[in-house]
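Written out below as structure tokens is the structure these notes cover.
Chain naming follows the written order as A, B, C and D, and within any one chain the residues start at number 1.
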Amino acid sequence: MNTKVTIAGVEFKNPVMVASGTFGSGQEYGEFADLNKLGAVVTKGVANRPWEGNPTPRVAETSSGMLNAIGLQNPGIDVFVERDIPFLQQYDTKIIVNVCGHSIEEYLDVVERLSDEKIDMMEINVSCPNVKEGGIAFGTRPDALFEITKEIKKKSKQPIIMKLSPNVTDITEMAKAAEAAGADAISLINTLTGMKIDIHRRCFALANKTGGLSGPAIKPVAVRMVYQCANAVKIPIIGMGGIANAEDAIEFMMAGASAVAVGMMNFHNPYATMEVVKGIEDFMQKEKIEDIKDIIGIVK
Amino acid sequence: MNTKVTIAGVEFKNPVMVASGTFGSGQEYGEFADLNKLGAVVTKGVANRPWEGNPTPRVAETSSGMLNAIGLQNPGIDVFVERDIPFLQQYDTKIIVNVCGHSIEEYLDVVERLSDEKIDMMEINVSCPNVKEGGIAFGTRPDALFEITKEIKKKSKQPIIMKLSPNVTDITEMAKAAEAAGADAISLINTLTGMKIDIHRRCFALANKTGGLSGPAIKPVAVRMVYQCANAVKIPIIGMGGIANAEDAIEFMMAGASAVAVGMMNFHNPYATMEVVKGIEDFMQKEKIEDIKDIIGIVK
Amino acid sequence: MSKKKESGIVISQREIADGIFDLWINTDISKTAKAGQFVGVYPANGAMLLPRPISICKVDKDNNALRLVYRVAGKGTLEFSFLKKGDRIDVLGPLGNGYPVDKACGKKVILMGGGIGVPPLLEMSRVLKDLDDNKKPSEVSIVMGYRNSQDFLADEFRENGQFYVATDDGSLGVRGTVIDALNKENIEGDVIFACGPMPMLRAIKKYAGEHNMEAYISLEEKMACGVGACLGCVVKTRDVDAHSHVKNARICTDGPVYDARDVEI
Amino acid sequence: MSKKKESGIVISQREIADGIFDLWINTDISKTAKAGQFVGVYPANGAMLLPRPISICKVDKDNNALRLVYRVAGKGTLEFSFLKKGDRIDVLGPLGNGYPVDKACGKKVILMGGGIGVPPLLEMSRVLKDLDDNKKPSEVSIVMGYRNSQDFLADEFRENGQFYVATDDGSLGVRGTVIDALNKENIEGDVIFACGPMPMLRAIKKYAGEHNMEAYISLEEKMACGVGACLGCVVKTRDVDAHSHVKNARICTDGPVYDARDVEI
């Protein structure tokens, strides 16, 4: 039984990763999940210098999901390189570093710093507000996405995953722009923009007013977008959005994802990643699937 | 205590409506809800001739929501005018007829037929596939939305509500296009496009592959869009997306909606509309709100 | 025939075959429920919002009780399987049209059920048995199909007519389908009332057509509202449907029981 | 201090004041739980996915049991209020740092709790009482604030130190806040351990600063993971935090208990 998948030349022991920002830098879930058993750890987004993030409240529960407006708080690339990468290197898993910035320059700063580090891939979060474009995210315009992808590809020594925002009219345009600019893979979906109001206090549930919606609530949107992109581009796709168990992971793979990531459901079930890894194996055994790659995009 | 709201000169006894397609033409829920107590009944979409709709399965449950791909099955405007409008006229409630079509001409056909009928408003569903533009919905491009709104406004004698699709990068552009073309109000949100795969049968859960996601799962997206539009246009907004109870309805109103509609939660609780009407009154009493209009857009 | 959504109270529940549960609920819906109708049962889990359509297996008007027999098929029915005496469970109903009992009058009737389509025919067999003499069928044959020797409800059927059984594995009765049983056991009749998986219903439609019999079959489709509002649960019809004005009828309201000739399955 | 998520079993539950519930759960988390720590309690309803942080009110290691006292504040706690003996309930913990018991050694200690901040101080008062003599505080004053005469847990506090009470409506003890009680009753001390609503904690921080006392306060914030991964639950800190490298600390892991001087509240 083969559970290995290869993305842009990087071989993962299985297709199960964690979604950026939901697993810290691996350490926090060390008591629940054996990092050695994960296909990859995807880190919280890191910027060229420390970011304070947003005021609290930063999180709010919604039906079968949650909103977050962490604001990409992070300790900056210096600390990250000194502390978080060495921590992850202790484990037999791949390391994917999620990168954020307010301008192309800030992204490139981080990408350059990471280029000589022993990490396996970078995932570029293009949902950050682009300060030069008045806060519009890089991830909502194909031309902006093309531009930033091209620049990053020039500097990076590791393969690049462009992480797409679902807050767009046509996700395939974004996927095609990333592919055309040389992205090695795409991951999707990032969070849907949402809002919650506390009617008794007459205020927003999040200090930031809006936040990113994640969890099982958004899974149908995520599966649809993975399917659409799988039919629009040739580069591999890492699927995420509400994955809670092996069935969900397999659903994304059947829709066309080569790998999957568990996000907010880690908060619901800290053992979720381990259960997904095990559950995929059980499913393969039961359905007599020799190679996990055989189910990628099987539903057409 | 005043629960009346006025939209484009039409006075509703309260802000509680039903979402198109979830309440038949009123008759089906007559055993559960007293139509006389509703602000308005919004009918299932009607086209210029009967539509067969999609093959089954047409519905699938998702976490805190559902997907539907009914495909706008409807008996056509002739039957509608003869049977459904007279039925609704028996009740002391406003009648809003939801209109669909595959081309501007098809929409105009229906609008003209309805212009001399005793209905209070029309709601134009621009999420239907536009056959001339290769199936792209009218509701995903501001120029197309402007165009269709303008044409409809020329023909219609009743005020027009343009119903916006959430599957867009920037909902405020759509709202502004509708307003600029003369729409009297907008309603939002229609469903988010989603997909579900049955991993055991290795097939799509819906015969149509994709479907529209509705229910509490999408409420945060809907509230966000209502808030954004309320800050972008001056025309009134009818808010919907996952409303299950009075708290949800009030949340939409505080975000900027002048009225609200209960959609798929009718399926969960056939008494939902009645409970929302009653619950809003209870809330007003408890919080000493004299006029429901005072809470519209109160959270800024 | 007024529908309502009610919080019923579990009277009892037990597993009567592997994964098949026999649930009695105290609910006023029993007052108007008829054979062949169904109810929508709501999971308590707030992430599962749609009612699960479950056929009525028995109505006990004296005790204000409904009996449902269901198979654990997914998350909703799994939740139901944990219900214990005294628990509350939300139920919507009665839904659908039910079997046309009057078609049995004076006829040789065959009741045919397969798998989890067996339960609704138990109530039907009881209703036929309890009819006034001038409305009774002349004969009732009951042919039920099971996977294996777990012939749930068989003993109760035996009280209501001549009982035949077919099993997939041949462990009881005729090996094969209920149609095989008809042939092997030379069961004859004028009218069939049936419920079961689609291949079985298709075979019955064909068989009835060939043998010049009437057949009333209970169909399944994914449902959302259960009351005819969403148009989720349609079946293709031979003729244009009076309500929809297209060749689609709503199984939840116009059905689930149809004259087999009227539907394209 | 290993965290785990476990399916605990309800030992008992009762309502000890209007909307305030006293819940005992059988769980291995009790083995390592300490005063001032909390657990994340998961609603069973699948639409509510995040754990509810609830402080540990008592640890009974002998019986492998944890006691939680909580107020019904919304849908999750409402669900918990229906739990009955024998029910299963998922719990994550122990979470957070707990009160720094060693700071009490030889000192005059004041325990201050307000509203639903009262419960965690019960375990703290028990721990202080049971300390070895060489680690014990020299004096323990317990000052609890309630809305009204429903002074839940008061009798148990009385067993563990000199007990004072303040009520909003003046129905018991001093009318006013716990700070009013300090002043009116001339309660003195070196170190405060506190939990309660933010205005109370701010007042305590100020009071302790003015009176040159140490104060360890337990903070609340909306949480998602409870284990330090999501950065949802931060509090502004005076200095740059060692983990985050910005002036934000995670209440769920670095807290909930902080030296009042270290946090900007």
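Couple of notes before you dig in:
The definition used in the following text is that contacts are C-beta pairs under 8 Å (C-beta built on N, C-alpha and C of every residue); 3 or more make two chains touch, one makes a residue touch a chain.
The model shown is predicted, which means the values in this text are computed figures rather than measured ones.
The greater number of contacting C-beta pairs, out of the two interfaces B-D and A-D, is seen for A-D. When chain centres are set by their Cα atoms, the one at the greatest distance from chain B is D.
In this assembly, the C-alpha centroid of chain B lies 47 Å from the C-alpha centroid of chain D. Averaged Cα coordinates give chain B a centre that lies 36 Å from the centre of chain C. Taking the mean of the C-alpha atoms as each chain's centre, chain C and chain D sit 56 Å apart.
In chain C, 46-48 are the positions where the chain touches two or more neighbouring chains simultaneously.
For chain B, the set of residues touching two or more other chains reads 63-65, 215-216. Taken pairwise by the contact criterion, the protein chains are fully connected, each one touching every other.
Looking at the complex, you find that chain A touches chain D at residues 21-24, 28-29, 31-32, 44, 50-53, 56-61, 63-66, 68, 70, 73, 75-76, 79, 215-216, 264-271. Interface residues of chain B, counted against chain A in their complex, comprise 62-65, 67, 140-141, 167-170, 192-197, 199, 202-204, 209-211, 213, 215-221, 223-224, 227, 242, 247, 250-251, 254-255, 283, 298-299.
Contacts from chain D toward chain B in the complex involve residues 46-47. Considering their complex, residues 63-64, 216 of chain B touch chain D. By the touch criterion given at the top, residues 2-5, 42, 46-51, 92, 221-235, 243-248, 253 of chain C touch chain B in their complex.
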